[in-house]
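We just call them A, B, C and D in the order they show up, numbering each chain from 1.
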Amino acid sequence: MNWTWFHKLGSPKWFYEISGRWLPWLSISAALLILVGAVMGLAFAPPDYQQGNSFRIIYIHVPAAFLAQSTYISLAIAGIVGLVWKMKIADVAVQQAAPIGAWMTVIALLTGAVWGKPTWGAWWVWDARLTAMLILLFLYFGIIALGHAITNRDSAAKACAILAIVGVVNIPIIKYSVDWWNTLHQPATFTITEKPAMPMEMWLPLLIMTIGFYCFFAAVLLMRMRIEVLRRESRTRWAQAEVARQIGRSA
Amino acid sequence: MTEAYLETVDLACERDWRLLFERLNVRVQPGDMLQVSGPNGSGKTSLLRLLSGLMHPSAGDVLIKGESIQQQRGELARNLLWLGHAAGIKGLLTAEENLSWLAALHHGASREQIWQALADVGLKGFEDVPCHTLSAGQQRRVALARLYLDAPALWILDEPFTALDKQAVTQLERHLAQHCEQGGMVIFTTHHHLQDRPATFRELDLGQTAL
Amino acid sequence: MSFDSFSEFLAMGNHGVYVWSSYGISFVILLLNVALPILARQRYLKNEARRLRREAQQ
Amino acid sequence: MSNVFTLLLVRETRLMFRRPAELVNPLVFFSIVIALFPLAVGPESQLLQTISPGLLWVAALLAVLLSLDGLFRSDFEDGSLEQWVVSPHPLVVMVLAKVLAHWLYCGLALVMLSPLLALMLGLPTQHIPTLLLSLLLGTPVLSLLGAVGAALTVGLKRGGILLALLILPLYIPVLILGSGVIQAALQGLPTTGYLLWMASLTMLTLTLAPFAIAAGLRISVAE
């Protein structure tokens, strides 16, 4: 297998160039997909036979929850890449992805709470999924706080990577224990997102929204990483030239 | 040119967005004594920590026997004696307990050897005194007593002369020079002007190489 | 289309408050995520421009 | 290698017993927290019995957390950690000795004290063995995971609150399982399966955490 692309990806300059080319496409597809998905979900999907129209919240809640979890896993993967192959871009990715993941968790929690009101009659229910989401938010807070507390940026990236790896090992254990805890204390309540087979008009918007959210994540992550790369590489000639070009354009 | 034991290749160090030094090339061979000098904040301690593998360079590399320090961790660890600003002395432990633990981190030392080393640094009779009751200079001597044990070849010492009295300074200078004459290597920082210099003495002024 | 009229669409069968508020909150957060990096970039460029000007004067 | 392990254990023991006050502090804290609850929620024995498993676990967890901030701090400040990192012996082994010492003098001590406090909360005597077993299996996880956080924050000035922030979410599974086992026992459900789950969790942490702790210490020392 040819690994040159992998090492090239580690070069900040190459990353900056290629990400600049991808960014417009990602942004456009994110905006389109989310718009189409939202319209389809809000207006065209049939109402749920049990929950009526409140089930339409699923089209944000589930993609956000999905993204929140996979972002955490990608933090750990980027962390491993950064620790093992000493790739600087991975270090940048760990710290820039964490806040986005935390925001996604917030969306999932808020929409879950709002959804809970018509479904369970309470804003917050200690449901296994919501509780696991809440713990995920705490895990994100830990990573963000650690990254901010360590002033040396290389140490900060490595420390966050280790914490993310420890956290990722913990996630399945947390999930299992929270599920068990739930059955121990309030056996067999029905969970909001567990559905019998959905008709196509119902799951298609969900699929579109999920892909849209992933594109959104990628676009925002690239935006954040590009700034950080410019900042970190401010001593190199290409970064200085790029900053000068940008200043000239905005002036 | 013979192969250097320890060598830096275009070494750069950056701390908190500030470049301390870059493109630093230093070679240390058996028998060498290298004094790192420079004003405060010029990166003396950072350089020593880079050489002992405690820190990672921002650019460039440290080579041990021609290979990157990353691959030579074991080789370096077996041959390195590192004394930092804080030398790992526990106030609650006695001089002997401290020393025997620090020695155990390397080859270990017998009780007699430890007592002898403590006597060598002028701490006879203080073997079983908790270190927090000793003066700063005496505590420093406990740490330096490691140099009188069966010590590894490469010594990296950060400010070894701090808090020592005149006589102890002279004695330590002699001891360092002796170590180099026997084929050892010493890299150290100090603001003190060395009197007893072996033929292989060199000085690296980071104040001049820095930006 | 699963709604007969626009007012029905807004009402969402008495669940309108919940549906619209969760979509609203979510879109605000998404927009915030886009705005933050853009603002950070502008701030960085402004700082750099100021620094370059300062260095040019010296 | 094993020599360094025992030597470090002996050294830690010496250090602990020369500062006996610090040995007692977590225990006193544990007792005070437990005593706060009857004062806060009222002395109703039925209520106290129902919440006693959770109470004992949360108090033990907080007591361990409180003691963790100092786990590597003095070694960091006096340069001991640097000596460990540059020594030819594996850092993982030393880390393991250090955490074992912490568990012996903090975790195990809490376990020993817990029956007394459990009785004060009205936990029936026949459930004391379950309580002991769950704490015995759970406290090593608290020490090990906590040491990861302590290793990552040891170089920071105000690491205490950050340490809590990093570690508490990771403590959730062991808290759930640990207190859940006792609750299951109180409800008359079988507990063996869950105790086995806890044991495997402990083994998993014991095998993985030391590497994370060692890596964390290397990062903090390089800072």
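Following the convention adopted for this analysis, a residue touches a chain if its C-beta (ideal position, glycine included) is under 8 Å from a C-beta of that chain, and two chains touch if they have at least 3 such contacts.
Predicted model, so just to flag it, every value in this text is computed and none were measured.
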Where the centre means the average of the CA atoms, what chain is farthest from chain A?
B
Could you give the separation in Å between the centres of chain B and chain D, each centre being the mean of its C-alpha atoms?
37
I'd like to verify one number: the distance from the centre of chain A to the centre of chain D, where each centre is the average of its C-alpha atoms, in whole angstrom.
32
Need the CA-centroid distance for the pair chain B / chain C, whole Å please.
56
Indicate the whole-number Å distance between the mean C-alpha point of chain A and the mean C-alpha point of chain C.
16
Two or more partner chains touched - positions in chain B
56
Counting only residues that touch at least 2 other chains, which ones in chain A make the list?
152
Where does chain D touch two or more other chains at once, residue-wise?
222
Touch relationships between chains, expressed as pairs
A-B, A-C, A-D, B-D
Residues of chain B defined as touching chain D within the complex:
49, 52-56, 74, 76-78, 80, 82, 84-93, 97, 101-102, 104-106, 108, 130
Going by the contact rule set out above, which residues of chain D touch chain A in the complex?
145, 148, 152-153, 155-156, 159, 162, 165-166, 168-170, 172-173, 176-177, 180, 183-184, 194, 201, 204, 208-209, 212, 215-216, 219-220, 222-223
Chain D residues touching chain B in their complex are 3-4, 7-8, 11, 14-15, 18-19, 74, 77-80, 82-89, 221-222
In the complex, go through chain A and note every residue touching chain C.
34, 38, 42-47, 52-54, 56-57, 60-61, 64, 100, 103, 106-107, 110-111, 114-115, 117-118, 216, 220, 223-224, 226-227, 230-231, 234, 243-244, 246-247, 250-251
Which part of chain C faces chain A closely enough to touch in the complex?
1-3, 9, 12-16, 18-19, 21-23, 25-26, 29-30, 32-34, 37-38, 40-42, 44-45, 48-49, 52
